[in-house]
């Protein structure tokens, strides 16, 4: 049953991705200043949004782990699995942002990279979560989960900075499209529709990976638990 | 001090372990240990290397949390909530090499605010050290360090005393003195748990002897003189 | 409440005073870094003033990391940390005392290094020099508070000397950026550093609070 | 004679391949250093090309030191070094194999980092790029050979992570200077780097020879 | 192999310690130890913790140089010049955790060029391990590691075998097998020196029993069955 649902969901995701691609490349109108390259917008921004969301998942998982670790072991383990999955998949999406950004920048600005606030903070965010994953590999033993949860909380402190960076500072990176000034927002409905579909598609795709990663981690936790029980009864 | 003793008196158990297991990864260091410790008794923990003695003490001290089962001390408290009333001495001295014995003790005493502590000099005298020594701890011999460590534990006059191989580096005469000191402690209704490999050393004060084997309680019997 | 904090602090200072190990090695290390950077970035160039702020901050950072790695070494050596955990005083005070002690050490190193630095880079301050007395302590605090915290976090891992910079640097980057920009704008006198100083202050407050709140968790993690 | 060298080398590479720990952490560390330096020395400025060479060399240096500190960790862990000392093969081969292995690791990191670096600093090479393929390996060799040697020397001390950079950096300085100047002159195309390359070569030959000759002494020191 | 044995045969002593003392700082771990080891004999070293047993073995292996006195092996060689002919197994496994047993052995075998070594698989079989195991050594149990370590020592067929507590983590049955294996060794005119705390284990092959006390030879007597 579970398998069927996941398979159906996966198929739906693929359909959405194809539809989003069609919308972004063929339906959405060409932008006046940047022309064709602007279409990378439909991948760049949704990825960033999904990455933020998943880092939030990681934060909630981390807090949950710290809250439950003394009282409810199972909930704590579930929280920890979410924290790990959120961080890992978040890093993947953040990487997509960091690849699509320079690709776009090369055409729009003539250079791959510049050290403005938005770009720098995004890079720092990525680095923090990579170090989170490294910590999970390097530190051994039962305290890993606690230490990682602590670092997860620190990492999340950077997310609002990234989000606000092009609101606080004048950046070379474009000003916010949504929730920026009074004249922000996408005016062209076809563009907005293409953007909406792509956000939905990338979200669906991200959630699929997230859930799979969570599932694998839970499975591993159960195996470890089983081994522990065996050791106890041996 | 008297108040504390009465407090310890009023509960039937000083510490209560219920089905305690401790796993390190997939290695079980303790398996379903159930023990009640009564106040005013001295318990001697025996067992071969790796049997889980130190682990049991650390669980009692609240430094390790059991993987399964519960630990309660002084009624219904978790050990973490009664840290001021538990004294724990481990294999390692738990003292700063760079300070003198007095400085070390004064430092640790001031970490127990609001608790009537012994004077550092007095604690040192109790364990048979000269309080006037000005050498830093790094220059002490192993046995002297161990005594200072014992003095550190005695400072806040704990009601539950956990000693991990306290005699391992002492000569026989000093060990005998230590045992006498501990015997006095037991009479003021404090509980003592000692691990040791030299069973005959602790025999004079052993009310109960608990033997561990591969993390399990192998036997729990009244203390007896040397066979 | 602050009684235990004071006790911890006096103890740390006394131990350091006996050996002066941390300050000495940090000083030598920072000196090496300054010299290395002078070799790597020729300070005779026209832009020496532009990069001097960066060099100063980065030298402080590397020197501090080498010392912070040893911050808890004494507590680990004879399991003193277990005795600390058994004491009925809050871990936050232990943490704060360590931070204060390390802050003092790093500040001493900075003070001793400053003249050397001025000579090597032929500097004279164009902006308002008193602002430096605000920027450097704020930046150092950011570094030391986070560093002490993550040193306590990484002592439990297999290769801890490796881990500390890997975790600390990304977290510290925003503060470093603010610190460098503020220092540079004071040195060159080109722009107003107030924004960056405010940012540093905000960073310090937020991160120190989070560290204080979470330290007990790290201290008692098994 | 070179049979044992090959054996040691294969063993080191195989172990690293199993965990990839050294390369991974070095890579991340080097990336961090490059980012930190970019924050500290704004590469958008007019002089970015002037300092890029220095940044590259110093980043390599710090990253390597963090890895070199672990170079003999595996040998220490279970006293394997004693088994090595008991074997009737010359210590020089053991040393050379370690140097080669570490040289490979650092070079891999450099290769992976190079594009990132070019992007971050918006660089394009003005001089003859092929000379970089001479300068970087020579400089890296100088660093790794000395680093491996002094890591072996400092493993016996109490705080070895601190000791290694304190010994290594002063010794490495001449090579660093040559490396930086050569790189910078290749990047800017202003002057001819041949003199510096020759100097590096000479440094490499002399120091490697001395290390090889003295390694047995260090290995068998009690 | 036969050539080596003859070589060992031709000297009267396999190793000769003359008034050997070893100081660590101002602490004397060995004091004027004078012992001759004959080829084809098995010597058992006894003594409490810290008596200097391991130090003596390390001096014999050439890993430590005596502070005073001389050590000669196989005639008039310093131990450092006869490293290929001495096998030393310490408390620690001296093997890489990240490699499998076979890989470890193959590696160490190739460090003895020109010396006829055993095949790694054969050495593993001799110590009772399955050569087909593909786990890395880090995943072995303590006892299995110890056997692999023994296999490492046996590889180059050494004429002087120094074993530091080889049975400490083995169960009784495996230890018995090990002793039998060593007994075979002794018959091919190789010398064995074993330290142990379990004297009865090594008793069946003990030709001589050497007891150390605080760095001094306390007794040196012919081996005897368990008292």
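All chains are identified by letter, namely A, B, C, D and E, in their written order; residue positions are counted from 1 within each chain.
Everything that follows uses one rule, which is that a contact is a pair of C-beta atoms (placed from the backbone, for glycine too) under 8 Å apart; a residue touches a chain by one contact, two chains touch by 3 or more.
All values reported here derive from a predicted model rather than from experimental measurement.
Contacts with subunit A and subunit B are shared by C. For subunit E, the chain whose average C-alpha position is most distant is A. Of all residue numbers used where subunit C meets subunit D, over half belong to both copies. The two sides are thus made of the same residues. When every pair of chains is scored by its C-beta contact pairs, the maximum goes to C-D.
Averaged C-alpha coordinates give centres for subunit D and subunit E that are 39 Å from one another. Spacing of subunit C relative to subunit D, judged by their CA centroids, is 27 angstrom. One simple way to say how far apart two chains are is to compare their mean CA positions; for subunit A and subunit C this gives 32 Å. Each chain gets a centre from the mean of its Cα atoms; for subunit B and subunit D, those two points are 50 Å apart.
In subunit B, the residues that reach two or more other chains under the touch definition are 65. Among the residues of subunit A, those in touch with two or more other chains are 120, 124, 127, 130-131, 134, 138, 141-142.
Shown for subunit C are the residues in touch with two or more other chains, namely 159, 162, 166, 169-170, 173, 177, 222.
A complete list of chain pairs in contact reads A-B, A-C, A-D, B-C, C-D, D-E. By the touch criterion stated above, subunit B contacts subunit A in their complex at residues 21, 23-28, 31-32, 65, 67-68.
Residues 153-154, 156-159, 162-163, 166-167, 169-171, 173-174, 177, 206-207, 210, 214, 217-218, 221-222 of subunit C are the ones that touch subunit A when the two sit in their complex.
Remark: subunit D residues 3-4, 7, 11, 14-15, 18-19, 74, 77-80, 82-89, 220, 222 touch subunit E in the complex. Within the complex formed with subunit C, the residues of subunit D that make contact are 21, 25, 28-29, 32-33, 35-37, 39-42, 45-47, 50-51, 53-55, 57-58, 61-62, 66, 69-70, 73, 159, 161-162, 165-166, 169-170, 173, 176-177, 180.
Residue ranges on subunit B touching subunit C, taken from their complex, read 61-65, 80, 83-84, 86-88, 90, 92-99, 103, 107-108, 110-113, 115, 136, 152.
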